[in-house]
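Consider the two complexes below, in which subunit A is the common component and subunit B and subunit C are the respective partners.
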Partner chain A sequence: MISNRKLKTGAIFLSFILPALILYTVFFLIPLSSGLLYSLTKWNGISSIKKYVGLNNFKELLGDKRFLNSLSFTFKYAILNVISINILAFLLALMLDRQIRGIGLLRSIFFLPNVISMIIVGFIWQFFFTNVIGEIANWTGLTFLNQSWLGNPGIAFYSVTLVSVWRGAGYMMIIYLAGLQTINSELIDASRIDGASGWKLFAYIILPLMIPSINICLFMTIANSFKMFDLVFAMTHGGPGYATEVISLNIYNEAFLSDRYGYGTAKAVVLMLMILIITYIQLKVLKKKEVVL
Partner chain B sequence: MTKVKSILVILLLVVFSASIFGAGKQEAKKEKIVLKYYQYKPEIVDPLDKLVGIFHDQNPNITVNIETVGKDYLTVLKTKIASNDIPDIYAVQGAANMKSYVNEGILADLTNESFMARVADGAKPAVTYKGKVYALPMDMAGLGVIYNKDLFKKAGISAPPKTVSELKDAVKKLKAIGVIPFGVAFKEAWTLRHMFSMGHAATVMPIKFADDMNAGKTHFWNSQMNKVFETFDLIKANCNSKPFESNYTNETTMFAQGKTAMMTQGLWAMKNVRKVNPDINAGMFGLPVFEDPSKARLMVDVDYRIGVNAKSKNVEAAKKFLDFMTTKTATEIWIRDCKLISSIKGTSVDAIGSPVATDIKHYIDTDKTYPWGYAYWAAGLTSKIGPLMQEYYLGKLTKEQVCSTMDELWAKAISK
Partner chain C sequence: MKKLNPKNIVIIFILVILGVFFLMPIYFAVINSFKPLSEIVTSYTDFPKSFYLGNYIKAWIKTDFPRVFLNSLIITVISLSGIILISSMAGYILVRTPGKLSWLLFVIIVSSMIIPFHTIMIPLIVVTRKLNLSNSIPGIILVYWGLGCNFAIFLYHGFVKTIPHELEESAVMDGCTPYQTFFKIVMPLLVPVTSTIAVLDALWIWNDFLLPLLLLQRKAIQTIPLSQYIFFGQYYSDWGLALAGLILAVLPIVIFYIFMQKYIVKGITAGAVKS
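Up next is the complex of A and B:
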């Protein structure tokens, strides 16, 4: 028998989480389940007839060359992006973890790119790469700047990653800063007394204690890299040709421009499963390495 | 005290959520009719506002709200259809899409409407499906090579080229006076779709081609495509630097500034050009893809057509608006301010004040036109040809592969 008091407290707790629970159900659980259902159909987005085709969509995407291309491009991008953002953010956090005057201003400056919406960032940089940097090259005579930053397939890959790192590093820097500041200064002092300094201090004291932060940042950057859409959409639109087409852009093109909602949704399901598996493995592996003090 | 507090908090939450729902209800009580008009040409938003204003003066109980989305028009329209928020009036882009809308019952049959009698016969095939008319064609647009007449004169080119050899000759003369022959916008896939279609559609009969493709009886590649691709190669070899980073604004601006002498575009592009250089002396000629001058024609077809959602609650009011758009007042504003050729009978192009429009009208009057190839392609194909041509230009695909990929995509698109 549940006591009256327990019911009452239970009801109060429920009413507090109810708004969030409703939002979660409506905006996440319901679209997710209807998406899973749609991935088993053939639908052109306009007609009200959705034909059930079982797992045909999944069989087809295994042989879809463009999809596999976008998979490999996204993987390449994800690896470069994750490594670059995390190294840069970690270095920035190390450098800005001090109490000098104006440190707040410095940190804000590095965080600023993150405040701008991703798609605006994409358009601004696209304008910059297309129109501005050529002029700069002419004025300063630095001809190597006069590349086809977005038009050359090989270079476009690095241009897009550059912008993504520029924009994302600030956010991860904040997380690493928070992580650095939770390290007890007594620990650092004690290890200095024991003779550890510079590299040894970093590798054996700071790094292991930062594993939770690294875990979080890796998780976020990996998921974000695989889901990335607005940047590529604004800067290259997947071009030239299909050279910079990431998975989400491929899905968008398939569903909206080719009128294949069912097939597009199936690809989206595959993307979700991939991110799920990769981040699960990552969290599991790093969780083991966490140092509990 | 805590009991009262917790009740108050719960009440607050309820009030907050109720107010979100309550706010929407007030709108439905008005008696006036509001029509949603969804379209894709950002260039004509101001004249459309004027037209809507005049219509409202004539019919004070009907208000038309215009929503314009340029590049991703079809995507947003599909989202609207999927969420059952279908506009009352919307612009129909392409015959294949029109078929889907008709089959889904969201385009009203306009065959027997009185205002359809005012439409020129040449504009009717583009809006006809299974013998019935489902949209009102507003303009006849020409797609070809817009060229700078002054630069051509300066380079010593006496007449617009009609054959591929004449085009090559013109290119040489333009380079001799230091002008970039072609301005391109390869970054925007739709411009490549236009260019490809200009070339391909000239080698077939576009409407019959679409029917044959649907029956599996023909392919994109034919013996004349080699020559067509010669022209495509010529364009790439003589265009502005960094073509893959060049977009529509860049293309029209360079043309307006006289840096380039030609661009493969449609009449609508002149609006952008005029903003930069209102006095430019431009004309249009059909893209040469043959050696026989008598085959030189211009791709002219209905571009902008608007239809009425058959499932709308205000079908009669929407049809009234379409009727208004065919009246003399409306077509005058359409021609003069939108700078487009009207598909309504008895209209002239003088008010556009553009030699480009006059050139197009000349092709129409001498019956040297052919329909827009891509408007009749299977659904979804129009967005694929652009990236394929980009890959061709990058050397990743051969011209035969471009065509065979289009064949595969067509077969997939029509498979049940």
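Up next is the complex of A and C:
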């Protein structure tokens, strides 16, 4: 009897979990583990022969200028992007956290870019950068606007980041707004009565209470920065030259344009390790902060 | 509503200026989409002389808009429903069957959430080729089910823990099978998480580009972002047409946003706090 019941609960357990587990295994775990194996081979993706080359792919990476360039571009982009998005989003949330007629409309405007597909965002801005901005420069006399926004490697970095901030800030703004709204207004009033105002109120009351929201947003923006693909693909396609090629685009090109599946997955494994390390450091730092609080 | 004090006036002023900057690229894309090419070339910033609709008609036909819209809709809705179904079942049973196996499965699923798509992208394509799933709508839907379930299971898992067990027990006493209990009693209680997942995953799948780029080569089965990418590449010198295509592509999701704004904001906040 007992084993019969056990069998039955086992069968029920399986029937609930298997659909998800099978799909997850086939489309996530198997690619993940076979990717680790591919990274040790030389393979063009079509041929039935995968030649085992040990760690050669990883050795080659160290001397691959284009890959190293994409690495440094991605890091630079991530740093500027994370800082700019979070500062802008936080400021927007602070300004929007009041009840005035029409403020809802402003909130909607700042969030709007987020619902638009990255690819389309990239094209809308490409049009703006290549055609509109020059004309604005001409009739406003702001001649410094007359630049090759996407054609100049040095400037293209800032153009791409600007668009990324434009699209991403609204999302984080929502999270910061939710954080601000959980702050007890009596606490704010009490500290006002105690003489705290302006900067002091912000630095000693609001900011410490916002640490959880800041952590969440940093976490999300860092992860998003390393996964960026669509925007660059649409705006510059990695160019001029390879100046704006992010890691994910470099991996894509290696596998699907140069047909080097083995080498491409080696890069993908490096990307994963980097993200794991960064996440680990983040969690450590967050834990410490929480202890202090 | 508070009265407008000077400080608030300054803040509103700053916000309005920022808002104008935010809308600028979209504004210029919209006005130029209503101009014939001859008018665009003379000035990119002038307001259109007349609302010329030719670009929209051409873009509608050339992108085969009704078809790609339907493709996007089908892929998003079925992927979403599947993710919700399989993940709620899995998340629920993992909580209600405590044990080492459940714990291990949950840990594997959650820890894989930080692995970026690009890491598994290449072998995933190999898998879909082997299973004959590339270049088909059912194929890409299956892949979305597989890729979307870890985050959804994580959210359901967290929520089921907060649901008291007693309701289910009394349902079992009344003679409900485990499936009846789940679908009739538990599923309705999960609505808050379900709507969070629905919002986040709908935005993800509707706007996703890379997976359709890798899997959907045939024109007849392409989604809006992918068909836009190809269309824009073909007609980018004809700006009016290219821009009309873009605006057309953006319209469905912007309309959805206007009506569902409240739920989107709620979904984002809930999703962020839990993760």
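Definition applied: the second predicted complex is superposed on the first by the 256 of 293 C-alpha atoms of A that agree within 3 Å, B and C clash if a C-alpha of one lies under 4 Å from a C-alpha of the other, contacts with A are read in each partner's own complex, and residues count from 1 in each chain.
Everything below uses one rule, namely that a contact is a pair of C-beta atoms (placed from the backbone, for glycine too) under 8 Å apart; a residue touches a chain by one contact, two chains touch by 3 or more.
Remember, predicted model here, so these are calculated numbers, not experimental data.
After superposition on subunit A, the partners subunit B and subunit C are seen to clash. Contacts of A:259 after superposition on the shared chain: subunit B is touched, whereas subunit C is not. When the two complexes are overlaid on their common chain A, residue A:72 makes contact with neither subunit B nor subunit C. Contacts of A:151 after superposition on the shared chain: subunit B is touched, whereas subunit C is not. When both complexes are overlaid on chain A, the residue A:241 reaches subunit B alone and has no touch with subunit C. In the superposition on chain A, A:230 contacts subunit C only, with no contact to subunit B.
In the superposition on chain A, contact of A:19 is made with both subunit B and subunit C.
Note on subunit A: of its two partners subunit C and subunit B, the one contacting more of its residues is C.
In the overlay built on the shared chain, the residue A:45 is in contact with subunit B and with subunit C.
Shared interface residues of subunit A (contacting subunit B in one complex, subunit C in the other): 12, 19, 45, 131, 252, 256, 261. On the side of subunit B, the complex with subunit A involves touching residues 6, 10, 13, 17, 72, 74-75, 78, 81-82, 100-101, 103-104, 106, 186-187, 189, 242-247, 250, 379-380, 383-384, 387-388, 390-391, 393-394, 396, 413.
The part of subunit A that touches subunit C in the complex is made up of residues 9, 12-13, 16-17, 19-21, 23-24, 26-32, 34-35, 38, 45, 92, 95-96, 98-103, 106, 108-120, 123-125, 127-128, 131-132, 135-136, 139, 166, 171, 174-175, 178, 216-217, 220, 223, 226-227, 229-230, 233-234, 247-248, 251-252, 255-256, 261, 264-265, 268-269, 271-272, 275-276, 279. If you check the complex, the residues on subunit C that touch subunit A are 1-2, 4, 8, 11-12, 14-16, 18-19, 22-26, 28-29, 32, 43-45, 85-87, 89-90, 92-94, 97, 105, 108-109, 112, 114-124, 126-127, 131, 142-143, 145-147, 149-150, 153, 178, 182, 203, 206-207, 209-210, 214, 224-225, 228-229, 232, 236, 239, 242-243, 246, 249-250, 253-254, 256-258, 261, 264-265, 268-269, 272-273, 275. Within the complex formed with subunit B, the subunit A residues making contact are 12, 15, 18-19, 44-48, 129-131, 134, 148-153, 236-243, 252-253, 256-261.
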